[in-house]
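Note that chain A is present in both complexes that follow, paired respectively with chain B and with chain C.
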Partner chain A sequence: MQTQEFDELYGKVAQELRRGILVLATLSQLKEAKYGYALISSLAEHGLEIEQGTLYPLLRRLESQELLQSEWNVDGSRPRRYYLISPTGLEMLGALTAEWRNLTTVMDRLLEISSTEGESHESH
Partner chain B sequence: MSLIERYIYEVGKHLPRKNRADIQEELRSALSDALDDRGGEGASQEEIRQLLQSFGPPKTVAASYFPEGQYLIGPVLYPLFRMVVGIAVAAVIGAQLLAWGVGVILAEAPINPLESALGLLNSIPVALGWVVIVFAILERYGVRPELDDEPWDPEQLPQISEEEPVKRGERIAGMVVSTVILAILVAFPDKIGFVSYPGGQFFANPVIAQYLGWISFSLLAGIGLDVYLLWQGEWTTTSRILKLAANLLSIVVLALLVQGHHAWLAAHGAGGFLSAVEQFSVDLDGGVQMIGMQAFRLAFVVALVVTSIDTVVMLVRQVMAGLRKSTMGAAKV
Partner chain C sequence: MQTQEFDELYGKVAQELRRGILVLATLSQLKEAKYGYALISSLAEHGLEIEQGTLYPLLRRLESQELLQSEWNVDGSRPRRYYLISPTGLEMLGALTAEWRNLTTVMDRLLEISSTEGESHESH
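Coming up: the complex of A and B.
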C-alpha cells in the first residue's frame, strides 16, 4: 500500500476509534458547567485534541439525549452556552467508565498476546 | 461584513430551522473564544482565515448537526418504500392493460396504441411521485414501520425454493409487446398490410385477416400465461406445461400463417424473390404487393424458427431437470 493511501485509511480508522470515546471524555469533564471552548481547552490540556466542528454538534446531541443540560450565561465578556452533566448523564458516565476499564483490560490482553505471537513468529 | 459573520451565515443556511439561531449564536461565541487565543480584536485576516479553515467547511459543520443524516426517505423506511413502489407500478400497468382490454372488447372508440403507451409513460411517474411525497411526509414526521423486534424462530424461515425464478423483466416485456400487437390487430384489422413506397398505396394482407381469430387467441394465451408466471414468481411443473402448450399453439398458428402466405404467393404466380422482382418491372403495384407478402412470410418463418428453438430448449431443460431430480432423490435414499 502506498504511504499516502495508508495515511488516508489510517485517518479514517483512527477517527472512528476516537469517535467512540468522545462521549465518555466529554461527560467526564462536565461535572462542572463549562462552555464549549473551555471544554476543548480542558480536554487538550489532558492530551485529547478534539476539533471544534466535532465537539459542538456532539454537545447538542448529548443534550437532546438528556445526558447534558445547558443554559446561556451572559455574565462573562460575551454570552456563552454552558453545559453540565445531567443526573442521567452521571449514571451513564459511571456505566461507561466501567465498560471502558473492562475494554482496556481486554484490549491490553489481546494486544499483548498478538505482540508476543508476533515476536515468536519473528524468532522462528 | 467580517469573515466570521459570513461563515456563520453560510453554516446557518444548512442548519435545521428549529435551532438555527441558537446554534449560530453558540458558533459566534465559540469562534470569538477561539479568536481570543489568537489575539482577539487584533487578530489578522489571515489568522481568522486559518481559524475558520480549521473549523471546517460550512456544509460539513452544518451536516454534523444532523447526527442521523438527512434523508428524503431514510434507510428505515426505504425497504417499505421499494415494496410500495413495486405495487404502485404494477397497479398502474395492470389498470392500463385492463382499460385496453375492455376498450378492445367493447371496441366503442378506436384505440390508439401510441396514445395509450404515452398515457402509461405519464401515469407511472405520477404514481411514483405520489408515493415519494407520502413517504417523504412519513419520514419528515418520523413515522417508522414497526421493526421486527419480536422473537423469531429460525425454524420458521421459509424453505429455499428449488424452482427457477421467473425473470420478471422478460415476462413484462413479452406481455407489453403481445398486448400492443393484439391491440393493433383488434383495433385495425383492415389496416394490417404494407404501404408501397414511393406511391403510398396501401395493400391489406389477406392472410393475416383470414387467421385473425387464431392469432388473437394465441397472443391472449401468451399474455395470460405471462400474468400467471408473474403472479407465481417461479417456474413450476404446471407453468412449464402451460408454457409448452402456449408455444405449441404459437407454432401451429405461425405454421398456418407461413403456409397461408406460401399459398397466396403461389396462387399469384411467385415462387421466389427473384420472380417477384421480375414481376415488379412488369406491374409496379402487383410487384410491391408480392414483395410485401414475401417480407411477411419471411418474418413469420423467423418467428416460427425462434419459437421452435425456444420450445426445444425448454423441453431439453425440463428433461434434464427431471433427470437431476431423480438422481438427487436416489442419492438422498
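Coming up: the complex of A and C.
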C-alpha cells in the first residue's frame, strides 16, 4: 500500500473514532451556555479539533433531540445563538460518561493483551 | 421525555460511541488468526458485545482495505475462514492506538472540567 493510500485510510478510520465521542464531548462542555464558535475554540484548546460544518449540524440535532436548549443572545456586537445542556441532556451525559468509562476499561484490556501478543510473536 | 424515548436515544448514541472503536478492537485481537465467531467470543469476554451482523461485514471491509488477510482452514469439523492482521494492518493498529490514547487523554480532561463545573453550578 502506498503512503498516500495509507494516510487516507487512516484519516477515515480515525475520524470514525473521533465521531463517536463528539456527542459526549459536546454535552460535557455545555453545562455553561456557549455559542458555536466558542465551543469549537474550547474543544480545540483541549485537543479536540472539530470543524464548523460538523459541529453546527450536531448542535441542531442535539437540540431537536431535546438534549440541548438554545436561545439568541443579542447583547453583544452581533446576535449569537447560545446552547446549554437540558435536564434530559444532563441525564444523557451521565449515562454516556459511564459507558465511556466502561469502553476505555475494555479497550485498555484489549490493547494490553494485544501488545503482549506482539512481544511474544515478534518473529511473525 | 418518556423513559422509553430516552432509552432509545441512549441506545443510538452509545452505539455510535462503540462503533468508533470497533476497528481498533478488531485489529488488536487479530495478531493471532481467529475465525469470526471466536473473535466475537473473545471480545465479549473482555466486555465488548458485537453482533455477527456487525462484525462479519466489518471483517470483509477490513480485508478489502488490506488491513486483514484471511484463509480457509479445513482441518476442523467444518471449514472456517480465519482472519489475521496484515503488515499494513499492524501499522494502522499502531497509528490508531496512538490516536486512541490521545482521545482518552482529551476526554479525561473534558469530563474532569465538566464535573467540576457541575459541582460549582449545582443550583442551576
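We take it that the second predicted complex is superposed on the first by the 122 of 124 C-alpha atoms of A that agree within 3 Å, B and C clash if a C-alpha of one lies under 4 Å from a C-alpha of the other, contacts with A are read in each partner's own complex, and residues count from 1 in each chain.
Everything below uses one rule, namely that contacts are C-beta pairs under 8 Å (C-beta built on N, C-alpha and C of every residue); 3 or more make two chains touch, one makes a residue touch a chain.
Everything quoted here is computed from the prediction, not taken from an experiment.
With both complexes placed on chain A, chain A has more residues touched by C than by the other of chain B and chain C. In the superposition on chain A, A:17 makes contact with chain C only, not with chain B. With both structures placed on the common chain, the touch criterion links A:52 to chain B but leaves chain C unconnected. In the overlay built on the shared chain, the residue A:81 is in contact with chain B alone; chain C does not reach it. Of the two partner chains placed by the overlay, only chain B lies in contact with A:35; chain C stays clear of it. Within the complex, the chain C residues that touch chain A are 1, 6, 9-10, 13-14, 16-21, 23-25, 28-29, 31-32, 43, 46-48, 65-67, 88, 91-93, 95-97, 99-100, 102-107, 109-111, 113-114, 117-118, 121, 124.
By the touch criterion given at the top, residues 19, 23, 25-27, 29-30, 32-34, 54-56, 60-61, 64-65, 67 of chain B touch chain A in their complex. Taken together, the chain A residues at the contact with chain B in this complex read 35-38, 51-54, 56-57, 60-61, 72, 78-81.
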